[in-house]
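First, the structure itself, so that you have it in front of you.
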Amino acid sequence: MSDPHAGMVEKRGPSRWLTHAGLILGVLFIFFPIWLAFVASTVSQPEIVRPPMPLLPGDRFFENYRDALLSGVNAPVARMLMNSAVMAVGIALGKIAISLLSAFAIVYFRFPLRKLFFWLIFMTLMLPVEVRIVPTYEVAANFGMLNSYGGLILPLVASATATFLFRQFFMTVPDELAEAARVDGARPMRFFVDILLPMSRTNIAALFVILFIYGWNQYLWPLLITTDPEMNTIVMGIKQMFPSGDDIADWPVIMATSILAMIPPVIVVISMQKLFIRGLVDSEK
Amino acid sequence: MAPLTLSSVRKRFGDTQVIHSVDIDVADGEFIVIVGPSGCGKSTLLRMVAGLEGVSDGEISIGGKRVNDAEPMERDIAMVFQNYALYPHMTVFDNMAYGLKIAKTPKPEIEARVAKAARLLQLEPYLKRRPRELSGGQRQRVAMGRAIVRRPSVFLFDEPLSNLDAKLRVQMRLEIKQLQRKLGVTSLYVTHDQVEAMTLADRMIVMNAGRAEQIGAPLEVYADPETEFVAGFIGSPPTNFIDAAGLGGPGARVGIRPEHMRMADTGRLSGHAVSVEPLGAETLVHVMLEDGTALTLRQDGAAPLPGIGEAVTLDWDAASEMRFDAEGRRMR
Amino acid sequence: MKGHMEKRVIFKGKWLPLLLILPQLAVTAVFFFYPAGEAIWQSLFIPDPFGLSMQYVGLGNFEYLLNDPYYRASFVTTAVFSVLVTLVSMGVALFLAVLADRLIKGSGTYRTLLIWPYAVAPAVAGVLWMFMFNTRVGVITWYLGQLGYDWNHVLNGTEAMGLVVIASAWGRISYNFLFFLAGLQSIPRSVIEAAAIDGAGFWTRFRTIVFPLLSPTTFFLMVVNIVYAFFETFGVIHTITAGGPQQSTTILVYKVYADGFVGQDLGSSAAQSVVLLVVVGLLTVAQFKFIERKVHY
């Protein structure tokens, strides 16, 4: 049989339909919350506050999204989207850049304290931001980084994971390639730019997908570092849209914002599915 | 194009000495092959000439200039690697042109040189392809082309044919030889394959355990090995070795090449035939002596064959005996 | 060749590699080691009521923490929460992966549909679920009410815990699904067919062959999911319950934040950071054991 998956183990008939039914149930469970948010983003506030809300989209799609994007609650969501984009791209590119350089140094050179530096970088695996928030916040504050892109990006840029991924990859690049480049007269940085970087393209792209989502979905750090609504990222900004006290939340706008907050990462994940899965599996190895 | 000299060259990794004082003088335009079993230090020696390994002791000079501390690119050498080491993301053209680009060679000249090399190596139709779209033989040619366009003083070859199948190997061997003749570039070629060594070399160096055991023209080395190792390593099937005690005369061991042994009615040794391999023009007869020593005879394909298990008596001319002392050195 | 894990020394130079590694070292030192050191240092002091000076208390903060019923409760909450999140998200993911693996065609389509939540931030997931279960406008709350069940996670701690667990697990299903599916697809068909020939039914095959062969993936996912539940679910908790009611959903990470930023109790928050450091250390060691094991395979 040509298909390696086909064979006697594959069930036919009713059990196949059960399989599909189970999977469809799973898909519904996954999509129901998203669907509901979408519906809420297309109806009017009164339709929501008088439960039950409708389960099919209404006709206020453009109004609600326009309201959210242009005025929002505290700040226009368009502004928050841009902040998120800057942060996510900044973190992804920053991590990739410093990790490529340090992995290159660690793999292709022998220098004093190499082992020590290696372990220092490695240990940061054990220090998620959430663990050291107060002192990290103080450092950022002392640098005057509150309400700045630098403050949003820099503290999240160091990454042992990316360094390890590139180190693993560089180890698989044949020694002879570097030697051939040396014989060809390439100095280290020339080899790095002309040979190693182009060869790492796929790895870089896969990692970018993962890191973009990581950066986009940050919550606690932007919550601490940005007090000015103009600097809020969209993911943390949603919570800020809820009124304190007993006022009623502006659900259609909040739900439109939630949908807007998931669109960029969803597009990245779905459109680069292959790279994404590869990046995911690689970065956990 | 320049002579290459190694004098008292040694290499240590930590406490282990892997190259013990090697002296070689390579004349301008000469093709030298270093041959030896794996782990004998031949590749290390080549990499030291290339500048990819440091020299612990002694001196390497190219064109009369000491290059011990020079970077590979300053040595005016080019190297062909075992796995070709082609840059996978570059086209054939870019692979060949890379070194010239780094040396800031003017573009028209790069194009002219690459075109010339491509013509010489019949690579013209493939210049826009990437290495993975080429066959093994074509990749090999690109690796050679990359070396040629540099117009170096010395070519270094590190087992360049070992990844090719047998038929292609024979063909590429011829091409390398013709190319080297045509270009007249001093060449140092490392291989573990003695047939390659014999057919390519102007002179060959037989290495064993970090030492150059013998340097000489291939036939000279074959006919007159300096050590027991060389006698055993060069020649296929290998030289037969017999304990000298059983034969009388000086030395510890006696070596006799398979073609010098013959079956005779009366002889100096007796045993029985174990197997027979007819190869057409010649036949190999494997004989087991009473004491368990295995010997091989090479005889004319038309000569009569013994039956398996049949008793045979062996003889040879005294002049073809090679006697070695207990340290494996040839006794004259 | 010596050493398989090291390259032959390729490039010479001491200053260039130091320069190359400098950016990462600098960021690491400034934003990782200095704050971590600071946390350890601060954990040994308490500020006076006016915040003018610090008083050294040794391990006093830790002693206080360990005797603090709220902190101990938070430990239990975290344990319950992470176990539940791990079980629910891995269970659902394994179920779906086994189903998808049985399909000849179409598993790619389901995969595309099921990986969406990976892209949804935990905080956004929190908002989505909070909306469905909102006490005033929530659709599910309303339908539950029609069935006679009065859902109120704002007052009921168990319901609050259930809600944050489901919201956290929901976002994690894609990730686990992808790894389980990859693990299942790497099991050679011949092994399963051999078992089928031996007369083992689907469930027996799964129990005796598939699941044991999947165990490296399962173990790996367990560690990764616990790490997730510990540290990355802050957004879910913060958006849905803010730790309440009565701290019933205050996991350790949330407490560090609440005590440090809301309560301004720096000494205690720092001491909690140090405790978390130890926890992460242990989890990392567990992860390493896994990597080591995988290397031997």
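Every chain is named by a letter (A, B and C) in the order it is written, and numbering of its residues begins at 1.
Keep in mind that, in the parts below, a residue touches a chain if its C-beta (ideal position, glycine included) is under 8 Å from a C-beta of that chain, and two chains touch if they have at least 3 such contacts.
Chain identities (UniProt): A = sn-glycerol-3-phosphate transport system permease protein UgpE; B = sn-glycerol-3-phosphate import ATP-binding protein UgpC; C = sn-glycerol-3-phosphate transport system permease protein UgpA.
Nothing here was measured: the structure is a model prediction, and the numbers come from that model.
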- Item | Innermost chain, taking as reference the mean of every protein Cα atom displayed | A
- Message: Relative to chain C, which chain's C-alpha centre is the most remote?
- Response: B
- Item | Centroid distance [mean C-alpha coordinates] between chain C and chain B, Å | 60
- Note on the structure: chain A to chain B, mean C-alpha position gap in Å, rounds to 56
- Note on the structure: Chain-centre distance (mean CA atoms) for chain A and chain C, in whole Å, is 16
- Query: Which residues belonging to chain A are in contact with no fewer than two other chains?
  - Reply: 179, 182
- Message: Two-or-more-chain contact residues of chain B, please, as numbers and ranges.
- Response: none
- Item | Touching residues on chain A, where the partner in the complex is chain C | 3-11, 16, 19-20, 22-23, 26-27, 29-34, 36-37, 40, 48-49, 51-53, 55, 97-99, 101-102, 104-112, 114, 117, 120-121, 124-128, 130-140, 154-155, 157-158, 163, 170-171, 175, 178-179, 182, 188-189, 191, 213, 216-220, 223-224, 235-236, 238-239, 248, 251, 254-255, 258, 261-262, 265-266, 268-270, 273, 276-277, 280-281, 284-285
- Once bound in the complex, which stretches of chain A touch chain B? 174, 176-177, 179-186, 190, 194-195, 198-199, 201
- Message: Under the stated contact criterion, what part of chain C meets chain A in this complex?
- Response: 5, 7-11, 13-14, 16-18, 20-21, 23-25, 27-28, 30-36, 38-39, 42, 92, 95-96, 99-100, 102-104, 106, 110-125, 127-129, 131-132, 136-139, 141-143, 170, 173-175, 178-179, 182, 189, 192-193, 196, 202, 205, 220, 224, 231-232, 234-235, 238-239, 253, 256-257, 260-261, 266, 269-270, 273, 276-277, 280-281, 284, 291
- In the complex formed with chain A, which residues of chain B make contact? 50-52, 71-73, 77-79, 81-83, 85-89, 98-99, 102-103, 146
